[in-house]
Amino acid sequence: MFASIYLTSRQHPRGRSFMGRGFAVLFAMVFSMVSLLGAANVHAEVPNAIPPIGTHNGEDVPQPIEFPHDIHADVNEINCMYCHTYARRSKVAGIPPTSKCMGCHSVVATDKPRIQKLTEYWENKQSPDWNKVHDVPDFVHFTHEKHLKRFVFENEGMDVDNVSEVCAFCHGDVKKMTVANKTKPLTMGFCVRCHEANDGPSDCWKCHK
Amino acid sequence: MQTKDINENIAWAKINTDVLRSMENPRMGYWIAVVACLLMVSCAVMAEIYQYQVGMGPGNLNWPHMWDLYIATFVFWIGMSHSGTLLSAILHIIGADWRKPIYRFAEAMTTFSLMTAGLFPIIHLGRVWNMYWVLPYVSDRGIWPNFRSPLIWDAFAITTYLTSSALFLFIGMIPDLAICRDNARGWRQKLYTVLSMGWQGDDRQWRNFRKIYLLMACFLIPLAVSVHSIVSADFAMSIMPGWHITSFPPYFVAGALYSGCAAIITLFIILRYFFRFDEYMTIPILEKTCKLTFAIAMVWSYLTLIEFASVWYGHDPVAKEALVSRFVGPYSPFFWLMLFCGIIVPFALAVERFRRHLPTMFVVSILLNLGMWLERWMIVTPTLATSYYPFAFDVMWPSMVQWAIVFGSFGWFGLLFLIFVKVFPCVSMYEVKEMVFHRRQHNSPEIAKQFHRRASDRQAGDEQPSTGGA
Amino acid sequence: MSGNDINRRDFLKFMGLGGVGAATLSGCDMPTTVTLEEGKEKVVSYLAPEEYVIPGIGVWYASTCQQCPSSCGIHGRVREGRVLKVEGNPESSVNGGGLCQMAHAGLQSHYNPDRLRKPLIRKGGTLTEVSWKEAWAVVEEKLAASDSAKTGWMTGTVSGHQAVLLDALQEANGSNKHYVYEAINNSVGESVNKAMLGEATPRYRFDKAQSILSFGADFLGTWVSPVHFSKEYAEFRTGDRGVLMVVEPKMTLTGANADFWVPAKPGTEGVLALGIANVLLTKHQADAKLLPASVRKLISEYNVAKVTEVTGVGGDSVVKITNHLKNHAPSIVMSGASAHEHENGYFNATAAMVLNILLGNVGKTIESSGAMPDVKLASKTGSSSAAMRLAADADKGALETLFITGANPVFTVPSYVGLVDKLAKVPFKVSLTSFMDETAALSDVILPLLSSYEDWGTTAAAYQPTEKVIGIQQPLMQPLYAETKGFGDVLLDLLKIQGAEQYGAYTDYYSYLQNALYSLPASVKQGLSDADFWHDSLKKGLIKVGDAKGSLSVKTIDLTAPSFEDNADFPMVLAPSARQGLWDGRLANIPWLQEAPDQITKIFWDSWAELHPSTAKKFGVKEGDVIQVESDQGSIEAQVYIYKGVHPDVVAVPMGQGHENYGRYATNLGVNPLKILSPGTDKVTGEIAAHATRVRISKTGKSSDLARLGGSETQVGRKLVSTVSADVFRRTEGGGNVA
Amino acid sequence: MKRYYIMGLFSNFEEAFAAISDIRDHKVPGVSVDDVTLKSPIEHPEIEEVLGDRGSPVPKFGLYGAIFGMIAGFFFLASGQATFLVQPSGGKAVIPLPSNIVLAYEMLILFGVLSTVIGFAIAARLMTRRHPLYSEKVSLDQIGVMLELDEKNVNLVKDLFKQHQVLEIREEVAS
Amino acid sequence: MSLKNVLENWSDYRKTHEDGGHHDYEHMWGMVVDLNKCTGCNACAVSCYSENNLATVGKEKMGKGQGMHWLRMERYWDEPNVGGDEKEFHERGASFLPMMCQQCNAATCEVVCPVAATYHTPDGLNAQVYNRCIGSRYCSNNCPYRLRYFNFYSYYEDAWPEPLNQQLNPDLSVRDKGVMEKCTFCVQRIRTAKDTARREGREVRDGDAVSACAQSCPTKAITFGDLLDENAEVTKLWKFHQVELGKTKQDKANKELRGYRVLEGLNVDPCIMYLDRVREV
């Protein structure tokens, strides 16, 4: 964990680092609180990236349909961006449209209760209202597009199939969850440390407008 | 007519009893005062709660009047705080021992007016709940306050000043607290035992005590000066006509000492009257204070005129307009009242008959303080009303919300002070004892001589000293 | 900024992602800056999105603005199914990318909280909400009962296929009672143009002109097509910069931009024009062969001295104007509301046109603008006489059913007409409107219409500079309220009631419109297939239909000298000035426009009375005092604003305020000057003489600060706006040596 | 051999000083003036002349505290500013000297004062238990002369005190 | 260690505005307002209201001077350097002046913010970070143009009754009480332009980013663009009128050229150039 501290307080050209190592000790305190909940997981799969540190145990969020991320992403190894298709093009990742689900589930596993519930939705032409799990304050303008560019598409040596590892930076290991729940703090400190470790922009107006 | 600062034949024991008496069984008047202060404070609290919930709008703050009474009153209270430093530190260093009976409450005033002043920058914030963001704490967000901002300088200066002056007050009180400890019963004794920190008046303690007291005095004087010049920087560092004035730092310092002394006179008279301190807070001491005040008043008046002159001859049209608008603009009545209270009224201090007449002095000192408060208002507001940009010219009159909070701040100050006078000795007993002792020595030189002889030819080791009587 | 080719209805069915949620900087709840509780906000996903719909990314769609009759082309930014912003459509020849404040505020009339969400019908005297079906049943039944030949329509300016359907409907009804009413109109000007040039709306070439003389034509603010004229004004001002001269009783936005602003006694503009003509003839030997002898004789009577005596305009000013006109040729002379709305309004307009003829502008700076190839699509421009006709017809019981849409006559027609009582004689009144207003309040059935951002339609602007276009009005988002319907759809339904079988085929107006566009001549379609043409025109937001260029020729002119008499009890004249922003009051319920200060006085959220300093001195009133303006028809009270932009004999009160029943933002705000107009119409056209009312003013003793933006009327010596002379400008930037 | 604390209370400085100077003049063998502690309600100006000059470390504390405060203050601000680079504002330098100097000045005083106080607390042996022979009279108006000495000298000193009109003598066995 | 950082980059951290500032600017967004074309029609102001979620505050508060007009259309009756105010009428009409934040490069507002909520971005913009602002209002006091506006109330609570709130622009925050705000040169549009450019793998071209006011101006009196872009319209205009950044007084070869910056003598170095109003005199 201390290693991570030194990583995050690494020097950048023209001293572009939020925090000097001088404050590493204080960081140690800040982090240790966070990391009591669990050590930061290191992602070897993602080159040129230092994953953000920090964990959070969010309570379970009830959803109209308990969508099993593990089955889709882990067992069937469906790429995250197959369903969350807007992520690479827009600031929002987007919840897959019901039509997309039906694309498969009109034939696949139609006997499962969840699928029947879904079909029901589809038949009376409505889409379920999902409850937002990863929410940031309204004055934070996070864009998925930019982050995917940095870590996936414009990141040589990065295999797009591993995109889930990049998603995991902020969304935790969704592969292991059924209904996603929040496992990263998503606080400003969380963002800032990652930005500074990975040489992200330090301009306030990048995120706050 | 009394001419001596103090009657040197007061027995030390009497000093103890007199002062300790003042700390006990409060009378009706005291409780009335407390209730009155509580009421004032509650007005302010209600106003602030309303403002907290609704926003700064109800205070009638508007574009371009972003600051008004809050900042003016803030400067006023900061100014008030300078008196204590003046009396205890400066006069201590130059060895004017007439300060001794009165510096204690002056210092208390310093601390409490700072505690009052400190509230205003917080009150005037649009988002009070985020006020801690001005502190330079290390957060994992990696953001810092903007150290260029004079408001941050204020934060630093005020905390420093508050810490130092509170410590100064406390350190200076330790021997007296020991006295209290030795005479008190019950909770008071417990309290004083803790506070007096095991003071037993042996020579080691006294020796270090003298050193630290002198040293802190030395620290406090430049601090006091810097604090108020920093407060003046809030204005002088801006580019606003009527604010961006070179002579502001000394001007503010002078104004601060001025209002401080005026406040001392007020409290002097009040305490003397209520606690029957006629033997300690004597007319001659009052007179000396008045003379000092008069001198400072003249300095201030001079700087005021210099400010006008410098703007006038500086010949910056915009700055000139701002100045003229103060003289003839919508706020001019208050401006002229300020000049009257600040420059004309103090001449009453020059007249001995007035100086020795307590009621007159009371009224005068109140007027001076009024003048000083108006001065601050007349610095803040007219500039906002007329500045570089004609389209933004505007006249704004503060609403009840602002007035209530300003009003309440006096209650808050009074409350702190009332508590102080009953819990702590508001006259420094040990120093009055010193004072009396010195006067005695001074008036009976032969005793002193004896000491000198015995000290000088000690190896001669001749006859036993004849004991001079105290 | 690309529109897209899809079936827009389907697209608009989709709910937006994240629903309604603009970011809010929550102040008091500190936690928001740290973490947020999960599962608080909802995320609604699409049912079946189109490829190009990317949540979080705005798409621009073209449409046409309906805020005022000049119908500019707009682009609307749509994100997650909500329209967020409108901008000018650069392709539109009307406004070419620019927009006025009223157009921007279209958003707030679309999202207005006071929009009617359900139909209302009058049950026992009070209007009560019912379902559309129920309301429509009432309409059907009433129509069946009534004599369809006695069906009247009062509308605002209508054009395009709505106009086509409306005509068809009235035809089916066998009725010709269509009253096109606009309180702010150029009807006098149009009739004069028609009479003298043979074209109601010729094209004014400001870009070509070197000098403009305007008799109260506020072409930058409220006259005909403000945004278009602003665009041309910019060209007029660049290069070898032209000179703008304005003659009007009260400074309008145009006057505020004039190089030379002259107030003339109200109504005497024509005389001033003749005076200028006189100077032209005597000093500049202008060629007057186009003018009949009678006119020349009349002109010769009006020498400078007499003109000064009648108009109160100094002789030097007359000469100055003339010289400018002469030295900066070619020129344009125009006349507008404050010159038209008099009993001798026609005379004033004619006199202005006479100047054009004398200066040889006709054909140079005043060109023929041709006509719509398909006349049925052409715009039906409004007039105020229409309201008088309506009142008369209603009075003599010629109307059994009256449909009112796009107009609020009860608010804008002077009270002396007694329109309220006369309308009471019409047994069945239907209002087609999005808002409850004074007129709707009187009707028996109110059918809420879709907003202009939800509805389909086509519009042909009355004033069209280059080749004629039809503006496409396409929905920018799905309707907010289920119980509302488009104007076109209502017309179709009515037609179906009338059993006009050729319309039975169309399920809704959308299909009708699509079909109508398909059936446009191939020349218009530029050889595109129907579908492509449809998509293309949706994308552009307009259809170029080409034009039949005509040519202008000076027709017969005849002038009769007017006479002016003073009125001792009512020494002053009321100028109910139109204000760009609230228009004729129809936009008064839009907070943006109420909060945007008036361009001249910088007063917001209120009415005011403008006085000249000398007048104010005479009556001993100062700024902010409340004065009473009294005519023989009643009186109004307003705060005084004093400046040197108004004629000393004139008190100017803007129109648009003083609503009694028009939404939360407009009701009980300010006063309505139109209410106290005294009887009088233009002798020739019968237009209401709104600028001719004689009034007297008196102090009420009340006084308060004006609700006005800005602390100073002057720059107090700072160099904020610095002015250079036109000569310098021409030296440095004239003749095309620009960056 | 037992050690004793002994304290004599005098009515005024003269007598007390007289007693002390006798001790200094070795009137009592084996008792030096350095064992003498003087307890008084006020500080006598010429006290050094009697007890000899006993120095005080407090000023050093003040000095070092001040120096530390200034330097640490400046670099604390500077490194804060240097690591918070979104801050460039108003065309001013990232590390602006005027403001940093002002703030360093405040830090100088703050730390100066704090360390002075700490120094005082240490040097003056504050927050230690009061001496068993402490007497309230000292805080009132009497002067105490206290010695620590061997049993054999106790009576000699008592006599000495008595010579100088001592008002009261207290003694206690030192632990 | 950051102390090392301080010492290593000392000279860099000591750069001031006169030395070209600490940033190596990527863009320098600037504007030209031609007062000869401006008719004072207010379209820009309302466009700004709709683009930037500006709250309408109603008659009473607006009258008290608590309005939120980021872009205010000013109107003056006098013509200081032409004279003629003593005439009986305002013969040369009014002087209109659209006033929005001047995005000063040496902004006095930035210096005094206690929490650095306002600072200078690498785009040469004068940023205001709403969620960092604590509402000391010092910036507004120190703005010579008085172009900063404060949320004296929670305006958003009653400025957008349902469904008006559906019009709010999700690209920027809606401000709550106690926060200072001001014209941002439509930073959200600049951001969109940059993103699009990046998506298409190219540099930002002139005209990609247009502020709401510039876009809606009927007479195109307002030109917006990047002053570092040689081909940008603004840059050309600034060149043509021989106005340069970083000067307190423009020494023009041709004194008759119209370009000037309001109150530029104050050395705040605004990024908006105004062109003189022109009249026949």
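Lettered A, B, C, D and E in written order, each chain numbered from 1.
By definition in this document, a contact is a pair of C-beta atoms (placed from the backbone, for glycine too) under 8 Å apart; a residue touches a chain by one contact, two chains touch by 3 or more.
On a predicted model such as this, the values are computed, not experimentally measured, just so you know.
Within the contact network of the assembly, the step distance from chain C to chain E comes to 1. Greatest Cα centroid separation from chain B: this falls to C. Most remote chain with respect to chain A, judged by CA-atom centres, is D. Distances from each chain's CA mean to the overall CA mean are smallest for chain E.
The pair of chains sharing the greatest count of C-beta contacts is C-E.
Centre-to-centre, using mean CA coordinates, chain A is 37 Å away from chain E.
Centroid to centroid, with C-alpha atoms defining each point, chain A and chain D lie 63 Å apart.
Centres computed as Cα averages put chain A at a distance of 57 Å from chain B.
The geometric centre of chain B is 68 Å away from that of chain C, both derived from CA atoms. Residue positions 15, 17-20, 22-23, 89, 137-139, 141, 143, 188, 203-204 of chain A each touch two or more of the other chains. Residues of chain E found to touch two or more other chains are 2-3, 5-6, 9, 12, 67, 72, 74, 76, 108, 111-113, 116, 119, 130-132, 154, 172-174, 177-179, 263. Counting partner chains per residue, chain C has residues 18, 21, 23-28, 33, 710, 712, 714-715, 717-718, 720 touching two or more of them. Remark: chain C residues 27-28, 30, 710-712, 714-718, 720 touch chain B in the complex. Residues 75, 78-79, 81-95 of chain D touch chain E in their complex. On chain C, the positions that touch chain E within their shared complex are 18, 20-28, 33, 58, 79-80, 82-88, 95, 97-101, 103-105, 107-108, 111-113, 220-221, 226-227, 230-231, 233-234, 237-238, 241, 243, 251, 253, 255-263, 324, 480, 580-581, 591-597, 599-600, 602, 604-606, 614, 643-645, 669, 705, 707-710, 712-715, 717-726, 728-729, 731-733, 738-739.
By the touch criterion stated above, chain B contacts chain D in their complex at residues 11-13, 16, 136, 142-144, 146-149, 152-153, 156-157, 159-160, 163-164, 167, 171, 174-175, 178-179, 182-183, 197-212, 215-216, 219, 222-223, 226, 230, 233, 430-431, 433-434, 437-438, 447, 450-451, 454-455, 458, 461, 464-465, 467-470. Taken in their complex, chain E has these residues touching chain C: 35-37, 39-43, 45-47, 49-51, 53, 56-59, 62-63, 67, 69, 72-82, 85, 87-97, 130-131, 154, 156, 159, 161-170, 172-179, 192, 212, 215-221, 233, 236-237, 239-241, 254, 256-258, 260, 262-263, 274, 276-281.
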